[in-house]
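As structure tokens, the structure follows; a few thoughts come after it.
So that you can tell them apart, the chains are marked A, B, C, D, E, F, G and H in the order they are listed, and the count of residues begins at 1 in each.
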Amino acid sequence: MSRKVAIVMGSDSDLPHLEPAVETLKRLEVPCEVRVLSAHRTPEEAGEFARTAAERGFGVIIAAAGGAAHLAGAMAAHSLLPIIGVPISATPLNGMDALLSTVQMPPGIPVATVAIGKMGATNAALLAVQILAGADEALAARFAADRASMKAKVAEKDAAVRARYPAG
Amino acid sequence: MSRKVAIVMGSDSDLPHLEPAVETLKRLEVPCEVRVLSAHRTPEEAGEFARTAAERGFGVIIAAAGGAAHLAGAMAAHSLLPIIGVPISATPLNGMDALLSTVQMPPGIPVATVAIGKMGATNAALLAVQILAGADEALAARFAADRASMKAKVAEKDAAVRARYPAG
Amino acid sequence: MSRKVAIVMGSDSDLPHLEPAVETLKRLEVPCEVRVLSAHRTPEEAGEFARTAAERGFGVIIAAAGGAAHLAGAMAAHSLLPIIGVPISATPLNGMDALLSTVQMPPGIPVATVAIGKMGATNAALLAVQILAGADEALAARFAADRASMKAKVAEKDAAVRARYPAG
Amino acid sequence: MSRKVAIVMGSDSDLPHLEPAVETLKRLEVPCEVRVLSAHRTPEEAGEFARTAAERGFGVIIAAAGGAAHLAGAMAAHSLLPIIGVPISATPLNGMDALLSTVQMPPGIPVATVAIGKMGATNAALLAVQILAGADEALAARFAADRASMKAKVAEKDAAVRARYPAG
Amino acid sequence: MSRKVAIVMGSDSDLPHLEPAVETLKRLEVPCEVRVLSAHRTPEEAGEFARTAAERGFGVIIAAAGGAAHLAGAMAAHSLLPIIGVPISATPLNGMDALLSTVQMPPGIPVATVAIGKMGATNAALLAVQILAGADEALAARFAADRASMKAKVAEKDAAVRARYPAG
Amino acid sequence: MSRKVAIVMGSDSDLPHLEPAVETLKRLEVPCEVRVLSAHRTPEEAGEFARTAAERGFGVIIAAAGGAAHLAGAMAAHSLLPIIGVPISATPLNGMDALLSTVQMPPGIPVATVAIGKMGATNAALLAVQILAGADEALAARFAADRASMKAKVAEKDAAVRARYPAG
Amino acid sequence: MSRKVAIVMGSDSDLPHLEPAVETLKRLEVPCEVRVLSAHRTPEEAGEFARTAAERGFGVIIAAAGGAAHLAGAMAAHSLLPIIGVPISATPLNGMDALLSTVQMPPGIPVATVAIGKMGATNAALLAVQILAGADEALAARFAADRASMKAKVAEKDAAVRARYPAG
Amino acid sequence: MSRKVAIVMGSDSDLPHLEPAVETLKRLEVPCEVRVLSAHRTPEEAGEFARTAAERGFGVIIAAAGGAAHLAGAMAAHSLLPIIGVPISATPLNGMDALLSTVQMPPGIPVATVAIGKMGATNAALLAVQILAGADEALAARFAADRASMKAKVAEKDAAVRARYPAG
């Protein structure tokens, strides 16, 4: 059976940015758990979650935060699992602060960083799927089908645009 | 048997930045292959490499490039494997161009981005190990030991610094 | 007969940003074709389009994308035609990501980059006209008239502002 | 006969950055003229050069400058030819000032901007070649051969790297 | 009699940003003229304006533009008068492009740059006043009174805030 | 008795950004005084305030400003008290100007800088509390309770999110 | 007796940047302890250090780190003491990553951030002194003398420069 | 007789950056005085200097500083004279901090900002000359000759470059 994915965020105000991750995992039938855990406000709980995640059946942790976004780094510090970081645009600096706080990790403790915001949330879920699919052939098949369907949608949009702008 | 890791780079001038990735994989006994493939100058070869990587036994692709760093994205476009992107500081913009070109991928095609340069190269290799370790218990054990050894080294450095600056 | 201009974009959500390019080409009577092709989601279609563009009568390709904007670079990798890149502001980073992903191309594969967004879309069309006009005298004449008309409009606005703020 | 390419720069201290452009044009047998013209210090000469460039046989102008890099924009303001801008890193801001001053042109007056520095200088020359090749089949053939040769060099480097790191 | 101040802008869409400059000059009884002149679209008119400004009674030129903001630099290139540059936020880059295009002038041709947008427009007018006041004692007296009045307004606001938040 | 906290701002338009500081100090029963003092428009008053703050019973000064935010630095130049700087996003540059103007102080005159805007205002008040609590045990106890209550609120939100997304 | 100051850093390679902090505390006779503790590599040790710092006699913690600089935030998460963060320039991004990772803390957990690098290290020590001086009159007196001496040095340099450039 | 120019800097380490300003004023025979005055370390002396500058015969103040560069703003706060700010690159942020701290002044207190570093120092002196020349015809004549000589030098360099690269 496939391992689960954890989606943790530093504040419940980050939730709307993460909906696409939840939906993507649902669509690909990957069980997930959503949590609010703060690297700064509830560091013990966050550390405890990360330390016990593997034994509780998680295979990947997706961590999202804004500003001085340390949550993904904190997960990575306390777990051997692959950690995916989603920088959130939650301050006047448009997520550049969260991006640099998430991606510029010191040697030894990687965070797999994706794009800022919803775009990144979707991709965090897909990256989790790609990771889990390495040991789950059924999931690999669902993922392959999902990408094929995405390609088909781009082709449909191309056709619609071509119809709207007939070659002159 | 563990799947292999590919390390691809856009130019052989990127090689010194990637040495830490090769060394890290060697230390953890993960077989790897190093290639020069350019998303822009040899796009067919790059695409072909990515499309056939899974069937040739690769489980993860690490792609490094500088400037308008498209190599990781090109790998991701042509493969279902997890792709790790290492932005290289190869222009006057200090790698900010490579970072944004690598991490800001559109929804559907994730690249797991790590830090700019050598720091990121080490972490790319460790992230690849974390991903492969999900289906390889022996590798997982080697990785756990590696992290423990890293912790021990920090403790040694702490002791050395404390000796140098006796608490006043 | 004048060669055609292709306007390709990574997503149909980029379309509003590109309307000024379509209008400008229409005004200058340059035939164009509008397509949705993604460097990441439909890389084979994008590559095929670029590889066959010259033989299908295109003289210039305008490619627009946001975020890690690789579309123009992908066109340039697969074609010998001049490629014009329009960075789109489609993420919280205000188009800085798209600008750097488009302009910082490695030696060998140029992309002629214009300004971010609609402003750049207009200029992409005009640059395509300037390129095609090198082998099309009638187009060169229309372009010269177009610029003269633009100058006249600035003069009109100057007159209107002078009337509104009589020299004190 | 092919039209000529002008390479103009704001200061002779920019010359080393532009050598790759001169060499590239020489290799592809495109006649060129190199000039020092300042948008700010010799604006009349710069304007005069641009206004008369077409009639003197130029088909493209490459303009390079650092800081508040206005030279390409000044060329574009005074000529109907395609203008290619090369931002130079000549201040503590690493060329970001020159890049934005060159690329963010207002609607109506495009500058085809390439990467910062030498990397961009090479590409400026190649872009000029692509533009001129539209009306010069012999040049188009030389350019096609040049790109093929570039591809071959990447393949050689790939082979060298593969030999150095035998797949493990 | 005091010399006049010219307020020139690259586009009439910049006008709302410049209203505070017009009002400030009016309040301090400095005659001014407002013009739309584009460094890129009407370069001859812009150059002519700058070359003849001194003889037509102008003592300072305020030039405002957005994006690759070359207007102030163009004025400075064609005139010996002090030129004040106001960067306008007119693109997705929030005026950073206009600021760098205005302030990073090469040695020999200064532009006195003020803050981005309306804040800068007010200050451009005050700086023009300070410059003209060097040879106009009545203006110097009006300017001294104006600053005193500004100080008094800050003191009033301080009193209002203190009343609203009685020291606790 | 606990010393007081001063909250000074450069303009009354900064007031909404500072409300969270006032509320936080109230909640923790720390007396405070709110003032409008400008480093640039009322420098004598600002200097006088800082020079006499310690003798009037203040233990910490919180200073907030936008743009070229010099108020905190001016307080620090004229007082030996710890000064906390809150950068305000008050220009098109999103507070990056205020952040750098506040934090990059020369050796000798520190400003304790917190995050941009409201987020920083809350933290400025808490930092002032932490500083004063060093010599005020009752305040230290209230602060400890306040943080515990904050942790409890994160736990409540975690529970709410878990209920909304039952582990799948 | 004065409480102690802890100086913690994420890596012993940060040590040269922190020497000025050690020297400044020594000069002002404030006892300090220097430690290497990593938020990411030794998170338990780092957390333990912070949680027990107050009871072991520390009054302030200075934490320095580069890249995704989480150390100061981790200290702040685990302690009620005032935490001072020193961003280190340790990556190609010149310390901008460390600055944003340190200063943009979420509401509830402040970090008193100072300038990047050595300049900030000196100021971190002085800020610690200012904080401790609130409850230590002898230290307050030493600090007042230290600042007076710094002022005198600036005056000496002023005299030297005036002598070198006699008013013309 | 022409009024004098003051060149003030925050630290004597800024002196090498300002040499071009001193030389330029000497060449144009404008008397100047060079001072080390710190907005942060000697604020009273700095304020006093600015408040009395006009009565002591100064017509313009050039102020240079790095980091959180407040010196020009402090001069502007205490004087009615035109103040020219030169941002110095003195921190890892390459002068971007000094530029924003100098240029983004609040409405009411302008600073005429020039480019970062030596380039800006030369231009600060020339801008001071332009300002003083408004009431000093002899200076205006020397300035006109100086610019003409600068133009001639660019023409010489153009000739040298043309000779080196004969049109091909």
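Side notes on the structure shown:
Following the convention adopted for this analysis, a contact is a pair of C-beta atoms (placed from the backbone, for glycine too) under 8 Å apart; a residue touches a chain by one contact, two chains touch by 3 or more.
The shown structure was predicted, so the numbers you read here are calculated from the model rather than taken from an experiment.
Path length between subunit B and subunit C in the chain contact graph, taken as the least number of steps between touching chains: 1. Between A-F and D-E, more C-beta contact pairs are found at D-E.
Matched by residue number, over half of the contacts between the chains of B-C recur in the interface of D-E, chosen from D-E, E-H or A-B. Note: centroid distance subunit D to subunit G, computed from Cα atoms, is 48 Å.
Taking each chain's centre as the average of its CA atoms, subunit G and subunit H sit 34 Å apart. Between the CA-based centres of subunit F and subunit G the separation comes to 18 Å, rounded to the whole angstrom. Within subunit A, contacts with two or more other chains are made by residues 11, 38, 41, 67-68, 91, 93-94, 96, 103-106, 108-109, 111, 115-116, 119, 150.
Applying the touch definition to every pair of chains gives A-B, A-C, A-F, A-G, B-C, B-D, B-G, C-D, C-E, D-E, D-H, E-F, E-H, F-G, F-H, G-H. Residue ranges on subunit C touching subunit B, taken from their complex, read 10-11, 38-41, 43-44, 47, 66-68, 70, 73-74, 76-78, 91, 93, 96-97, 100-106, 108-109, 111.
Subunit A makes touch with subunit B in their complex at residues 3, 20, 59, 80-82, 84, 99, 103-116, 118-119, 122-124, 126-127, 130-135, 140, 143-144, 147, 150.
Those residues of subunit A lying in contact with subunit C across their complex are 89, 94-96, 115-117, 119, 150-151, 154-155, 157-158, 160-162, 164-165, 167-168.
Those residues of subunit C that touch subunit A in the shared complex are 4, 11-12, 15, 22, 26, 31-38, 41-42, 45, 67-68, 91-94.
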